[in-house]
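What follows is a pair of complexes built around chain A, which joins chain B in one and chain C in the other.
Our next item is the complex of A and B:
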């Protein structure tokens, strides 16, 4: 395992950008379409769910201090069963990485560069992220830390100004009957994406040398808050009907709002922001995938895994023919599929560990690499 | 398809060259490097032949039967 150290603050920004990542740009339109003006409420209960399962993963990690997810799996379930589950997790991480890549190319294709083949975006972004992965998690954490002020500055100042000018409370008075169970069933994908994806960050837990629990939970909480704001802003400014029919309502909001009398069309700034945020998320999940493969197969050179993985990820991200197929898959299967990794396997690990009386006493001073 | 095979050969050759320069490199490094590249190349080949190995669809079908 890499001999790296991540501070609590770095873990917080990593968790925040990983969780918010692609969600705040992709999901608002679909969420508003499914839950109308109550979509902020959906984000709220999804965030509570996200915090609850984060506590489950932290509880699991606390029983095996200094061990990451793959190490815990192989330790608890043994070489063969553990190896199989570890392979499942590797598939999971690579799938998330390829879907994030696809989300980015869809965005670039729909909003900015419609004539460029999507595979060009995939290969270019993946090469950069593979380089980041080879450099290590400390480099990724430092870049995330470095970009945090810029990303917030260029997003929040224009958006606060623009939304304040366009805000209309009447937009929340749309005829819609809210039924909790129906809405819950229609929007359960939000519980999976992004909140169950954060199980990937268990791969980084041993590197965090202080305040792991606080930074992880605060990261999930902050990302949930951003999700709530990301659905409130388009509803308040563009209205429910219009936002529900847009693929990227936040992007349209930036395109149409007037910052001042002469400064408008700020969507280019947002596009760069999205590019940064998605690359950060991709680098993190790519790192988790590479680390998992290296640990399972006992390989020390990350470059021997990271660069060939570009082949696999760039092809996998093309499997959805279009964004509609992607949305349908998310609607029908995502929650159940993610539940396997976010709930079933962790609970299984806790049960087997309990049955085998495996209880590794926590080290003092937080989670340190063994 | 020919281009894909050529790219695969060039990529593996360059990768093997760089791996061989590292004195701490093991056989596992070579094996994984070639295996992952081969998996990716197979997936690319299936896409080029318009008969994709659609893992998403496969997962969907399995979930349809289970849930």
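Our next item is the complex of A and C:
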């Protein structure tokens, strides 16, 4: 394990980009399709859920200061059972990484480069992220910190101006009967993706030297707020029905933006933004996967795991034949599957720790030996 | 270990453009499109007006080469046209820079849902293009050169940009996306109609040497009324303006009123159309406009009293127009005010009470305080 330090601010931006990551570009269309003009409410309660579950993980982490998720698992459940659960988490991190990779290639294929094979996108982006992983979490944190102003600047200025011009309150007046339980059931995937994915960040907790709780919770809160805005903007500008039919409504919003007669077709700006954000999320989860493998199997060099993992992730990201299969999986199984990692295992760990009367582990403090 | 990986990554970087590469010299950049569908056979005819870059650059040196070339193809399915263009067009079809699409009236009356779906699905096509219905034969429109802007697509776009200045968002809601947005609404969408002023198309650049523009030109005639993607009728330009005004889209237009037997032209600015729903008494539409006198032929000096009279005349005229639009909506069964979209039941909307309260303030009178006139001797 590397000897790294992450500041509270860096943890905040990491949490924010990890949580918002692919969600703000992929989910708005589906959410609007399921909850129509009330989709912002869905984002609101998902955010509250995200904060609540983040508190659970923070509580677990507090009981074992200086330990990351894999260390906690092996410590609490023992070598064999803990090893098995740790393997599950490794699978989970690699799955998230491969789905994020696939999200990117789907986006590039559908919106910008339809003839380029998806594997080319996979391998290229994974090589870059693997390099970042080898360089370490401090490098990833610094890049995230560096890109934050740019990413916000080029997104918010055009989007605020463009959406304000096209905003129509009539778009929120669509005939739709809102039933809380039905809507909750139909949109429960949002609780999993992205909010239960953030359990991955428990791998980084030991590196954070100050304000871990604040930065982590604020990161989740900020990402939830972005999700609310990401569904409000297409509804106000494109309308409920149109947004519900589009795969990437935010992208279409940029594509159709027009500032006077000469400044239009701004989608390239957003495409670059998406590339950056997805690469950040991928780097973070890729790092978690590599770190987990290194710790479980005692591998010293991250490069020995990171570069071979490129091929596994690239192949695994081809699991879904198309985006429709991916969406159906998200719709039907994602919440239940993610609940295993986000709720069941952490609660199990707390229970076992309580039963075994395990309190604070001997190691404490943020810094870890290399 | 790292060296071969880096080398391999560099090779991949070189390959990324291979599949989706677009060499600008090999593109047929379509500026204007046209579609017709034969209701009997179902055959679709698509027109592509492609920019000729050398024709455009020749303009600078005084030549009059063709700025655009028009290709047309026939097929039974919209998805086959891109491949079909390879039979005649020696360039790769490139659609993202298209300015407008023109459909024939007979196609519009059959419903254009298939076309809207095709455009929305295709990542290479954009829905923020101006959507126009032609009353004249499509071939005449598509095979004609236009004055001042030799590229017809740009000519049409310039015209719509100018009219768009009078609208809330800076754009008249006449883009394909506006129709798609309203596809499930009960309120009709109104798209512009055009016609060609001659039976013969101006298909050579010789037309550009003629001074009389009106002889052979594209002209906007009014609006085609679409409900759920199908054309159901037509508006003239004044009705189209009142429709836009009452729906809160239009903020500037010119109205003519008569006072003391004389004509006065007023520019209504900053128009605000608000809806007040009152249980029992129905809907009250409150419209307020600031007026600028742009033509005054009265034989009297302008006074405060006279300005109030002008305001009253404008209010009365606009109310009459609003009432006649309401009457038209009830007659034709077109929910032009979108009452059903705002919660009025389908069986009640035609009898739903709607009243208008028009107010205006004459703010600007121009350079003169009154017109020049002579007392009759």
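Methods note: the second predicted complex is superposed on the first by the 358 of 370 C-alpha atoms of A that agree within 3 Å, B and C clash if a C-alpha of one lies under 4 Å from a C-alpha of the other, contacts with A are read in each partner's own complex, and residues count from 1 in each chain.
By our rule, contacts are C-beta pairs under 8 Å (C-beta built on N, C-alpha and C of every residue); 3 or more make two chains touch, one makes a residue touch a chain.
Predicted model, so just to flag it, every value in this text is computed and none were measured.
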item	value
First (chain B), second (chain C), both or neither touched by A:114	second
Partner chain(s) touched by A:332 [first = chain B, second = chain C, both, neither]	first
First (chain B), second (chain C), both or neither touched by A:299	first
Touched partner set for A:315, first chain B, second chain C, both or neither	first
First (chain B), second (chain C), both or neither touched by A:307	both
Partner chain in contact with A:39 - chain B first, chain C second, else both or neither	neither
On chain A, positions contacted by chain B and by chain C	303, 307
Residue numbers on chain B that touch chain A, as the complex places them	11, 15, 18-19, 22, 24-26, 28-30, 32-34, 36-37, 39-41, 43-44, 47, 52, 54-57, 59-60, 63, 66-67
Touch list for chain C against partner chain A, complex	1-2, 5, 9, 12-13, 15-16, 18-20, 96, 120, 123-124, 126-128, 157, 161, 169-171, 177, 180-184, 338, 341-343
Parts of chain A lying in touch with chain C, wherever the complex brings them together	110-117, 120, 123-124, 127, 165-166, 170-171, 173-174, 238-239, 241-242, 245-246, 255-256, 258, 261, 265, 303, 307
Chain B-touching residues of chain A, taken from the complex the two chains share	95, 293, 297-301, 303-305, 307-316, 318-320, 329, 332-333, 336-337
